[in-house]
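Everything on this sheet refers to the single structure shown next.
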Amino acid sequence: MEQDDTMLGRARVSDTPELTAYYGELEALDAGALWTVANDIEPWYPQPKSVPVLWRYEELRPLVHKALGMVKADDAGRRVVMLVNPGRKDVSAAAGLLYTGLQIMGPGEAMTAHRHQAAALRFVHEGTGAWTVVDGQKLKVGPRDFAITPNGTWHEHGNDGEDGPVIWQDGLDIPLVNALDAGFYEVHPELHQTPGKVVNSSVLQYAANLLPYGSERWSRPYSPLLAYPWEPTYEALLGLAEASEGSPYDGIIAEYTNPVTGGSVMPTMGAHMQLLRPGQATRAHRHTGSVIYTAAKGHGVSVIAGQRFAWRQGDIFCVPSWAWHEHHNLDQSEDACLFSFNDFPVMRSLGFHREEAYPDHDGHQPMPAATGAAATGAAATGAAAVPTATA
Amino acid sequence: MEQDDTMLGRARVSDTPELTAYYGELEALDAGALWTVANDIEPWYPQPKSVPVLWRYEELRPLVHKALGMVKADDAGRRVVMLVNPGRKDVSAAAGLLYTGLQIMGPGEAMTAHRHQAAALRFVHEGTGAWTVVDGQKLKVGPRDFAITPNGTWHEHGNDGEDGPVIWQDGLDIPLVNALDAGFYEVHPELHQTPGKVVNSSVLQYAANLLPYGSERWSRPYSPLLAYPWEPTYEALLGLAEASEGSPYDGIIAEYTNPVTGGSVMPTMGAHMQLLRPGQATRAHRHTGSVIYTAAKGHGVSVIAGQRFAWRQGDIFCVPSWAWHEHHNLDQSEDACLFSFNDFPVMRSLGFHREEAYPDHDGHQPMPAATGAAATGAAATGAAAVPTATA
Amino acid sequence: MEQDDTMLGRARVSDTPELTAYYGELEALDAGALWTVANDIEPWYPQPKSVPVLWRYEELRPLVHKALGMVKADDAGRRVVMLVNPGRKDVSAAAGLLYTGLQIMGPGEAMTAHRHQAAALRFVHEGTGAWTVVDGQKLKVGPRDFAITPNGTWHEHGNDGEDGPVIWQDGLDIPLVNALDAGFYEVHPELHQTPGKVVNSSVLQYAANLLPYGSERWSRPYSPLLAYPWEPTYEALLGLAEASEGSPYDGIIAEYTNPVTGGSVMPTMGAHMQLLRPGQATRAHRHTGSVIYTAAKGHGVSVIAGQRFAWRQGDIFCVPSWAWHEHHNLDQSEDACLFSFNDFPVMRSLGFHREEAYPDHDGHQPMPAATGAAATGAAATGAAAVPTATA
Amino acid sequence: MEQDDTMLGRARVSDTPELTAYYGELEALDAGALWTVANDIEPWYPQPKSVPVLWRYEELRPLVHKALGMVKADDAGRRVVMLVNPGRKDVSAAAGLLYTGLQIMGPGEAMTAHRHQAAALRFVHEGTGAWTVVDGQKLKVGPRDFAITPNGTWHEHGNDGEDGPVIWQDGLDIPLVNALDAGFYEVHPELHQTPGKVVNSSVLQYAANLLPYGSERWSRPYSPLLAYPWEPTYEALLGLAEASEGSPYDGIIAEYTNPVTGGSVMPTMGAHMQLLRPGQATRAHRHTGSVIYTAAKGHGVSVIAGQRFAWRQGDIFCVPSWAWHEHHNLDQSEDACLFSFNDFPVMRSLGFHREEAYPDHDGHQPMPAATGAAATGAAATGAAAVPTATA
């Protein structure tokens, strides 16, 4: 279908002196003429300001460590290097309305407790002493573990290890909360919670497709299971690889789930772990919704909106809404794993989910020769890079 | 609150010759006077015809084995000794509208495939060669494994072991289906299905609180996970016991769940596994809904409607609707486990769920001296045995 | 598909002296051999004990009036002539697990208040003074109005008119409640409720596809709207007839709905009003679930399981589960209306809904010459009358 | 609870030369230090950029009429004067992420058909000839009627009246769709739809709390009822006023509802009509979520974030998220009605709904003497105007 702003059905009014004067009259009344902005605010397809970006862990890590010495945890609130999309500096987003950052905590450190409307999730990069207390439940998390801090829960973190700092990645929906004018923040009246005695209590309670006594009374909109350790997750993916072909676009992929509902872990953000078989190259697709990926294991390449991004363990990269993307495990003998989180629950709740497969070249975008670190503007939408998409 | 059929608000019309004649006139028109039956059909509290029964595995087992030689599998359809409540012979129910039986399959035997409106579940008692194919998925199940054959799925079973027969317990909602005039039955047009290559495919796909790609398209009203092996189930209960006090009435109890919804495995029957700590004696409660229990591990005593039932591994017993019941693990050093299935999903869907705690003696029914094998009539309701309940 | 009990896949074990002895051994243990009952309890298709019946209002009315003089309201509880299916006398059902009856209240009479697990609905046949108080809300209902008394609500009724008795039809799920051993009954501690001042409060609050303030907090499993007056119902059907072809099986049909959920009025029973255009003859279909119809307007004929039932205003008839049925408005100039209630919500909740169109003769069953008043046995299933259905 | 950015638990790092250099290093890697923005992006309570604004219909109307002569409908796409919040010019929003505008169509005009990801709604201000065709259904709408054009439906509009132009108000979620990078737009391949023969088909089909045959198959996330005429809406409010006290904050208020689900008309926007009794002054509350109000009948005053806005029929005003607001019908003998639409469905889906009552002065904000036309900055949040709210 033709998509041309000069066609009947689009706004195509040219400026005249009379119209310019008229626009001034409107502006004086806090009004305007729709046709002056219609084509911009009703685009043919999504026009994200976010661009594909890859952040290299080996570049970020020294700067994250540097923060440890430069600011006190108590002064920073949280000592976090946030990753900022060049197109979204105004809202501190890594992509779309999603925020991410790398938080460091030194041995023995503990943050104060707070809660906020924004939901948070964690993915541990390194270090063994990390703990978090969420609504009174103490959780210990290690490398590649995934944990959540749902909307409105009291939380505080720390590192009780002795073998060095912990670095974990935070993911939050702060830009979404702010876009909807819904942000609240509270410092815990006693600055710290009193945790229950059993560590990882919810991990012990939710397992093996069984729901414990009392689950039928759980009525909050998020998962009562607050942490998802790496080992059983990886084992589950290996089992899934035996039993299933997986997704043509993502390989062996599974969503971390709220065991009480089978839904996403939180109402605003979902998270997945995926496994690419040795040498596997998935097909490209695109969808509404933004995704932040973290290479959890192995090394490979992802092609996003026609740009090539090589990643290895620890690297973080983003796929803006409606950008074509595909993944390639470059190792011929080892599998590779990608952790990711997204705003798909929002897309689905609001009826905004849309997806399509890349139609040409057996599902693969033309592979460019060079590696892009970040691109801006129209290229990111995939439209320019993949002209067939809108023809 | 007083419950007396002579009080205002209850039917209390005495027969007279005129009324008797009138009732005859009504009957001739396929009609009747409500007040002649009102107090019976609107009882103060449930009046199940089912009575508490315990079936001893050591008594049943020889007769189940005997069936192996007496009838051919092909002639029997399925070679099953069903357990029949003395009060429900008319509908072949073990309790309420639930059917159960012990099915035996000799080494090398295979049944033909069929499907029906009734839903089925299996709990394996003994033997290692049991398999079932459900809608094309081959499952291997061993002792204490739980598996389902939902409403409308093609299924066939067999035993490919070499070390003797398999005995598993079937649980079905046949009496419910018939009470609602909703039964259908079909023999598979080719008598056998062609199973997929991967054995236990759904067990591999649903694990660790992750949902695989494609789960969002599952729209059937039952669990896509068709088998729940014993080992992870038991481990989950041990973990739960570390993290939780459990239920005062059931100890450490968890429901086998549909991972896609967090609901019961099927819309008409739910199933639980529970663990009683060494020496644990739970408090009594009663609820609407019927339950069939199987002792999966250990030995103990359950008091049901004031009667004492001693059980050991393999024994099966039932708790009729609204009967008081409590469980006691008699072993002071080992835990005991009870598998059970029920019609609670029906109670909840229809708004019939009701539950109450036994109010006296710290929650324990007066313990009678003798062991009852089966009781009939009013005693089963708990009303006679526990007069305070209705006073 | 062949349906023959001698085929492989069905039970076909002949009695032998050894088996007879074996069955005796089983019975002594409260057990039995499944294959002796399997074909009966797992039929090829539903085998309801209910038969199609039509109850003529002109025959029942004099007997209903007679009750007014013969028993006091206070002694009867409720003065009701119940309609009893010849195949379901054991459970006082009119069809399936549904109860219905005609209740009469003389001028100035008032019943005492009670509540029960069973849900009730009312359809007014005649008289203008009927009132009911449901959980404190006073409702006035007139001819052809539909009202509900959901599961667990306190209720009491009366007639404050001066122009004679009121006769309304009760519909309840008493047999269902009893089949599930879930019945409870309570007399109001003060025998009467204190109603709020506004009559028909919920009728005033739920109208025009608007939900009033507070509706978002309604969490009960039934409609907060308790009465559905005839006039707007009939107008809605006339509007629907302008805009829609309606159902091929039911003409212009609409379900009374819970405005807060769009679902059925109660979790165990639904109700419809349908309009047949002048001369309209619908096609036949059959479905699981039982239906009780009341001719609300006009006259016609329904063919049920091959039997012809002529009805006029006030008559009541039933369609058992899985019986073929079709309706014919015999008036060439006036529309006809049928009120009906059913157990479809149960069928849907439990996954038992199944439906099929009559495949032959343009969708019409062979029309027999004579009118049946009641039929028994196999004929009612439609199988014998319509042999093509099961071939 | 104290809310002070210098307290422990907030970011309070002062700039130093070392830190400034560090921030530069971070920026070079598309990164930043969270503590430099944390207090801004995690505010104590919502900080909308939107301010309360009232747009006077008598001021806008001449300019809307002027557009009729200045631009051709075919060139404008739609001839709309949009209302732009001074704080949201960047996204063309009237408040929050909601867009609104006044559209004019001359006699005989018809627009071309298109569809988009954004959802739309209409509220008619004046003129009798307005029609719209939504997914093939032709609707005629008159003054004060409410209609919807859900997400993804083909639609086109026109005016077939002879008595002058039509002016209606559009409400869309365009800014929300863009914030989530989810916008799509298509021109109808034939420029016009072929409407069905029955006008207002869905209005005829959904009435009187009845659901027509086929409704059970409706699976789209929006209402099948596409127009809500004024007369039955007003009558419903009058009935509601008889039966209910209504809301302390909104008087007699009801939500236009999807009859199939009882939910909001669309997944991203809800709409209400409310009636203020003669002289009624409601109490103040505040909530997350933005609201656009249109005075549908009568005249009054609303106090929003401490500013007084006087309105009369046709005027439009907005309440930003978390701003205190209350309404006052200034007429002592006539009721007043406010139409409004909002993003509450988004707030609820995402778990962002929060509400609180104004705690002081019997629920009334201090009434300022002067009328504000528009205010900017902190005043709009209500925090400055109502210091007790955050103390």
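Letters A, B, C and D name the chains as they come in the text, with residue numbers starting at 1 for each one.
The rule we apply is simple: a contact is a pair of C-beta atoms (placed from the backbone, for glycine too) under 8 Å apart; a residue touches a chain by one contact, two chains touch by 3 or more.
Chain-to-protein mapping (UniProt): A, B, C, D = Cupin domain-containing protein.
No experiment lies behind these values; they were computed from the predicted model shown.
J.: Starting at subunit B, what is the smallest number of hops through touching chains needed to reach subunit D?
T.: Counted as steps through touching chains, the separation is 2.
J.: Report which of A-D and A-B is connected by more C-beta pairs in contact.
T.: More C-beta contacts join the chains of A-D.
J.: As a quick test, compute the distance in whole Å between the mean CA positions of subunit A and subunit C.
T.: So the centroids are 53 Å from each other.
J.: Subunit A to subunit D: how many Å between their CA centres?
T.: It comes to 30 Å between the two C-alpha centres.
J.: Starting from the mean Cα coordinates of subunit A and subunit B, work out the distance between those two points in Å.
T.: 45
J.: Using the touch definition from the top, which residues of subunit C touch two or more other chains?
T.: Residues of subunit C touching two or more partner chains: there are none.
J.: Which word fits the touch map of the chains here: line, ring, star, complete or other?
T.: Topology of the interface graph: a ring, with each chain touching two neighbours.
J.: Report the complete set of touching chain pairs.
T.: A-B, A-D, B-C, C-D
J.: Using the touch definition up top, name the residues of subunit A that touch subunit B in the complex.
T.: These residues of subunit A touch subunit B: 198, 200-215, 225, 228, 232-233, 235-237, 239-240, 242-244, 246-247, 250, 252-262, 273.
J.: How about subunit B: which of its residues touch subunit C in the complex?
T.: Checking each residue of subunit B against subunit C gives 1-2, 7-13, 18-19, 22, 25-26, 29-35, 37-38, 41-48, 50, 53, 55, 59-60, 63, 66-67, 70-71, 74-86, 91-92, 96-97, 99, 101, 112-114, 116-118, 151-152, 174-189, 191, 221-222, 267-268, 288-290, 320-322, 343, 346-347, 349-352, 354, 374.
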